[in-house]
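We just call them A, B, C, D and E in the order they show up, numbering each chain from 1.
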Amino acid sequence: MDSASKPSIKAGTPPGTLIHIGSDVNSKVEIRVFIYNDGHFSENKYSSVSDVPTLPPAGQIIWVDVDGNHDETIMKQLGQKFSIHELVLSDAMSDEQRTKLDILDNALFWVLKMVYPDKDSQNIVIEQVSFYLKANILITFQEKREDVFEPIRNRIRQCKGRVRKSGADYLFYALADVIVDNYIIVLERIADRTETLEESIMANPKVSTLESVYDLKRELLFLRKSIFPLKEIVTKLQKEETGLITDQTQIYLKDLYDHVVQVNESIETYREMLASLIDMYMMLNSNAMNQVVKTLTIISTIFIPLTFIVGVYGMNFDNMPELRWHYGYFIICGIMVVMAILMLLYFRKKKWF
Amino acid sequence: MDSASKPSIKAGTPPGTLIHIGSDVNSKVEIRVFIYNDGHFSENKYSSVSDVPTLPPAGQIIWVDVDGNHDETIMKQLGQKFSIHELVLSDAMSDEQRTKLDILDNALFWVLKMVYPDKDSQNIVIEQVSFYLKANILITFQEKREDVFEPIRNRIRQCKGRVRKSGADYLFYALADVIVDNYIIVLERIADRTETLEESIMANPKVSTLESVYDLKRELLFLRKSIFPLKEIVTKLQKEETGLITDQTQIYLKDLYDHVVQVNESIETYREMLASLIDMYMMLNSNAMNQVVKTLTIISTIFIPLTFIVGVYGMNFDNMPELRWHYGYFIICGIMVVMAILMLLYFRKKKWF
Amino acid sequence: MDSASKPSIKAGTPPGTLIHIGSDVNSKVEIRVFIYNDGHFSENKYSSVSDVPTLPPAGQIIWVDVDGNHDETIMKQLGQKFSIHELVLSDAMSDEQRTKLDILDNALFWVLKMVYPDKDSQNIVIEQVSFYLKANILITFQEKREDVFEPIRNRIRQCKGRVRKSGADYLFYALADVIVDNYIIVLERIADRTETLEESIMANPKVSTLESVYDLKRELLFLRKSIFPLKEIVTKLQKEETGLITDQTQIYLKDLYDHVVQVNESIETYREMLASLIDMYMMLNSNAMNQVVKTLTIISTIFIPLTFIVGVYGMNFDNMPELRWHYGYFIICGIMVVMAILMLLYFRKKKWF
Amino acid sequence: MDSASKPSIKAGTPPGTLIHIGSDVNSKVEIRVFIYNDGHFSENKYSSVSDVPTLPPAGQIIWVDVDGNHDETIMKQLGQKFSIHELVLSDAMSDEQRTKLDILDNALFWVLKMVYPDKDSQNIVIEQVSFYLKANILITFQEKREDVFEPIRNRIRQCKGRVRKSGADYLFYALADVIVDNYIIVLERIADRTETLEESIMANPKVSTLESVYDLKRELLFLRKSIFPLKEIVTKLQKEETGLITDQTQIYLKDLYDHVVQVNESIETYREMLASLIDMYMMLNSNAMNQVVKTLTIISTIFIPLTFIVGVYGMNFDNMPELRWHYGYFIICGIMVVMAILMLLYFRKKKWF
Amino acid sequence: MDSASKPSIKAGTPPGTLIHIGSDVNSKVEIRVFIYNDGHFSENKYSSVSDVPTLPPAGQIIWVDVDGNHDETIMKQLGQKFSIHELVLSDAMSDEQRTKLDILDNALFWVLKMVYPDKDSQNIVIEQVSFYLKANILITFQEKREDVFEPIRNRIRQCKGRVRKSGADYLFYALADVIVDNYIIVLERIADRTETLEESIMANPKVSTLESVYDLKRELLFLRKSIFPLKEIVTKLQKEETGLITDQTQIYLKDLYDHVVQVNESIETYREMLASLIDMYMMLNSNAMNQVVKTLTIISTIFIPLTFIVGVYGMNFDNMPELRWHYGYFIICGIMVVMAILMLLYFRKKKWF
């Protein structure tokens, strides 16, 4: 996730230069193409752009699912095939573009962050997906092989739900919806971790737990940076006038908007809860320290004066009458016991223990 | 209340899938139907949707009060009977939808949080209620059996107040009003608890009291999350143009708006007061610790030098002239008394005690 | 002032139910009526609503000054006499309505908080006043007998200033103006108290002084809650289009607006100053504690090693050559003096004292 | 500056009553009148209003520079002579009016705060100046004799710059500009003081330096209160439609706006820097305390166990074999040296020194 | 960078006076002129304004690149040659003008901050550049010799990218773009420094590291001040209606806007991360201190009572029976060992070590 925090740019190169920004990936680019409508469905994989069909047959939808956005040549060819502006291509090639929506003349370009737990390490992975929507055409760009779109692909394959009966705009919505659903899943994990941290702090406020709280806080910071702009973007989508989003899909955007708002609110809630946890830690810790200092003070305050008294009778003066008294030792011991008891009573009254 | 903090979603399922979100409830669904106008009144309970009347006789109002929103089949049938969009149904089936108002073509859909103290534990319960208002029809969905609507039902039954003489929009308002009134009651309990906590902190700043303050702060956080959006929603209601809200009811919405603003302001006030309480605790605690450390310092600073002196005359050198002096012991004791007094005077001057 | 923080409501009763909210007052309701214009003036007291004249003679202004808003019957009669909506009456009967302005069809309803120092205890009293303005008619509602309107009454009686020459809207303004002037007076008292607290903290940072700072902070919180909405309200008044506020009065509203802004700014300034005072206290206190700990450390660090040395020569080993030396005692004493001086120099260099 | 924090008002007096608010000044009022255009220039002083010319000869500008706004009679006469509304006069007589712009029918009334270092004490002085602009007429009101306008007067006298060639609006601008320039000068002094305080805190974090930081912070608070509204006011001026500000002067207002924004930004920057300084102080101070406590701990932890050991061999039991060993004393001394060294190594490893 | 924090102005001089504000620079002014279009290109250096060509041949673009903005005469001549308003010239001569965009009648004037690492010291340098754009003419003003424009100059010289084929507005954009790219480079350095500081604080929380954090925080503060207004400015540029920015360039402004937003977000992210670092330091430091105090307490609490006991048997009373017991010494030693073990167990239970 750290790389997400570092802006990276090719300073000095002309704008629109096609350079992949992000960690290098060696895997080959794979282009999966779905062509479908209510009655028809085909799914093919290509590794060369020239084989990819451009225009879907009348009444059919084409989804070009590009796995691997690092290959300059392939991106250029895709750009030419589907007449995509070079600045859009350049954004789609980045892994570190911010979440945004560009409303172009006859197309929508949406950069989103896909967030999911890594299969092995269970760490949260933030990955860029770009959507390019034109009439009947949806192109998606992403780098890594794992994604969260499989349920949608299955719905297309098995003709479940509304997707095969609707246009490219519904597909566009459905993919965004599944991304937002995954935000919620990730937030549930964060909720669990917050709860675990809270219990562990209440039980024993250790500095290592607090470091985990700070780590979680920072993860939330990056998550928020990725997700926060979505609220405004969905609102913008609801008002766009390109005609690419049909009225039937608009009502689903309302639902998407609700989810986005809920995600943002949850992030804020967890931020406040983590801040409370840190306060809590401080408080419990300072309370523990106060106990320590009180213990020190009680022990010192009782024994330092007593030690002084026994020191007095350890002096070697020739003429110290008390030392000669037959019960001197016992009298002094009695006095010391009384002093100790009085001091304990005083501390008890002061509620020190 | 914890569950309210966890977003929950059926990721990957098509939008509009009817799945109950929230803790499972086994109780049977019960549909209570009130049909009334100024002169007429009937109240019936149904457990099957097919028996529920759809259209009220001309000039009558129908209130369909659905207790139990977890049964997919029943919800689907209700949706068909009253032609409710599946996304609306899906929101009505959730227990964790955020507070919101959807203005649909010829209907209003309002999700609210009902807040009331649990009858047994007196804990605060947050429960979702959904209102679906069409011309002359109001449908309400909720899960648990206890609610705060009984006074309204009685007003309908006994033909008290304005409710029997007004339309479905007034009923819609009246139910919302009683929910908001309950927010105020809950806030009064919070006010009492805040006061108790304050007194207890002023009397004896214990860490357990502070934990109660943090608990209350968190309860307020969830309450605020549920209630805060209402201000904007009521404003939106006042401006809606479906014609479902008549002018006579609009003036009551103003009153509702005042209450909502008052509730929000009170929440903010309590938040500030709790924050002050925490500061207060910190301050009193640090003050108490300062007393402890001062005590330690006074005792140590007086006795450590004296102990050194008696140590000196406890040494076993053969040649220590003072030890031989006849009044050596008494002289040394006198010196030590003078030293102790001087140090006490110094501390007094420094205002240490 | 505490009661101002507790919202209070008659949950479950129909809206518009006339119930007095606030502490009960036994005093009888007294209705004072001023009828005046440039040439004419009459002042009468009534205790029954039926005697109160409704319509002023042409060209005259009537001010109905209702002392006591707790009597349901009287309020109902007033409502009928002057055709006031029952929701307005219900707000006017409350003592805990928030500051607000309702622009009605042919009337303005303004709820304000009157703030003044109590005659006996000099504590700040917050009391609700409601203004109901119609053409040539102004009705004011309040509960307690003391108010800040006496100067205005005298100006009417003695035909001073502009009030007798202007309409009901000017009277409306003049009463609001005197209320805002009293805010400024109360703020001056707060300024004095802030200054006193500051001096007292600088002289001796005691925990009781800090508690007074917190009390003052809370008073400001309630004051702000009462006064803050006024800025927006006066702006709303300047733009209202009922025609009840004449152009001549509009220029005075500008002046009122200036005062309201000034009051709000002063409240913010005092809040910041009190926050600084608390920081100041913390700083001075921690500084004092640092002195205490330094004292402890200096004394301990000097005497603990010396005590060890004298302890060494207090041991009873048979074979300790130093004990037999003739000047052993004096040598050891010399060494200890040198050590103490070196340590003092070290602390001096470290700027510990 | 303290008085600026205290709102002051004549509660109960009719609005528009002409009373001077602020500290009383005994000096006589002096009215200086400049009449000029490109070719002509005259400067005269008057102490009676009746001598002051009202209307400038055609094509000439008149600047009435009133030194002393405390004399009720003179203000009234000026008001009559130049037909100024009594509320405007009443604001011009105050020294504690907030910064504001009133756009009147055919005049602009601007209240500004002049800020300059006092000639003797170098303290910052905040003084009110009011501008009243009508066609070809500018009237300025201020109380104290010192002002920052001398450069403008000289430019008029010596026909330098654009002022003699332009209208009253340019003079209006030029005076405001010189006031804003002085804000920048005052801020430069604050920058110097901030830097000095920072160096002094880094060198030796003393509580008295921190008090200076708080003083400076409070000065900035008052400065900000005076200057902050200017941004909005200049924007308002740029949009006003009285025609009093010509297009030629509008471009200069843009420049003024830039300066005002820069001043506001600088104030925010210094506020942040002072906040950082306070954090810095806290940090350095707590660091110093940590050193103190570590010293105490190291000394105590080394010597307390050693003192215990020598105490053991100071006991007077008849049967203590070690005391009889010939090398007992030396063995014990050796053990103690080893213990001390081990403890020092332990502390070193823990990086305590 | 310090100078950027000090506002500086020529108070009292007429507005538009041409005075260089900033540190004095002795270097001669050098004017580099590029004249180009798709087919043609010339580059010349001039040191006298009279030689500079005014109007480019039809269809050609002229870029006047002024190195050195401190020479009043040259600036005046440039102003006359290209008819630039004197207030614009006066802003272009400053080094401390804030970031702003002036939309003039037929020209755009943009003041930007160029930020780059100094070649030698690697410190961050903030330098002002001003752009003055008219039809086919772009004039840039800056003071220091180093700049970040060389890549653009090379693209013009070598006819790379789009710059030779586009108008002056594209050059205007390209220069701004390279400045923004450099912001990102500088932020990457800050990212690296933040990471280094974080590691160093986690390893060993030293006060000197914290001072570096505060230094970095302050650098970010100045950077933010320079960069923050850009977002609004680019939005303003996108909406300007002078026709100076062609539609082809507008799409590049969108890209620029994205970068500016990304830079602003990164600055906020680093600010939050630095704030977290400071919290982290505090926490680790206080944790370390707690360890110190616990060590002190454990050692003191164990040995102070034991020292008291050995003190008791060091007393010289004639009659102390224990001293005469044959195993007295060993019994006492045994008791002390048991006491020490019990106390250690107690501390272990309390989790003090």
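Note that in this section a residue touches a chain if its C-beta (ideal position, glycine included) is under 8 Å from a C-beta of that chain, and two chains touch if they have at least 3 such contacts.
What you see is a predicted model; the values in this text were computed from it and never measured.
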Contact-graph separation of chain B and chain D, given in steps at minimum: 2
Chain labels contacting chain A and also chain E: none
Fewest touching-chain hops separating chain A from chain C: 2
Between chain C and chain B, distance of the C-alpha-averaged centres to the nearest whole Å: 26
Between chain C and chain E, centroid-to-centroid distance (C-alpha), Å: 43
Contacts with 2+ other chains: residues of chain B: 293, 296, 300, 304, 307, 311, 314-316, 320
Topology of the chain contact graph, where touching chains are joined (line, ring, star, complete, other): ring
Residue ranges of chain B in contact with chain C within the complex: 151, 155, 160-163, 174, 177-178, 181-182, 184-185, 187-188, 191, 251-252, 254-255, 258-259, 261-263, 265-266, 269, 272-273, 276, 279-280, 283-284, 286-287, 290, 293-294, 296-297, 300-301, 304-305, 307-308, 311-312, 314-320, 350-352
Of chain E, residues touching chain D in the complex: 5-16, 85, 87, 91, 97-98, 100, 102, 204, 207, 210, 214, 217-218, 221, 225, 278, 282, 285, 288-289, 291-293, 295-296, 299-300, 303-304, 306-307, 310-311, 313-316, 320, 322-329, 332-333
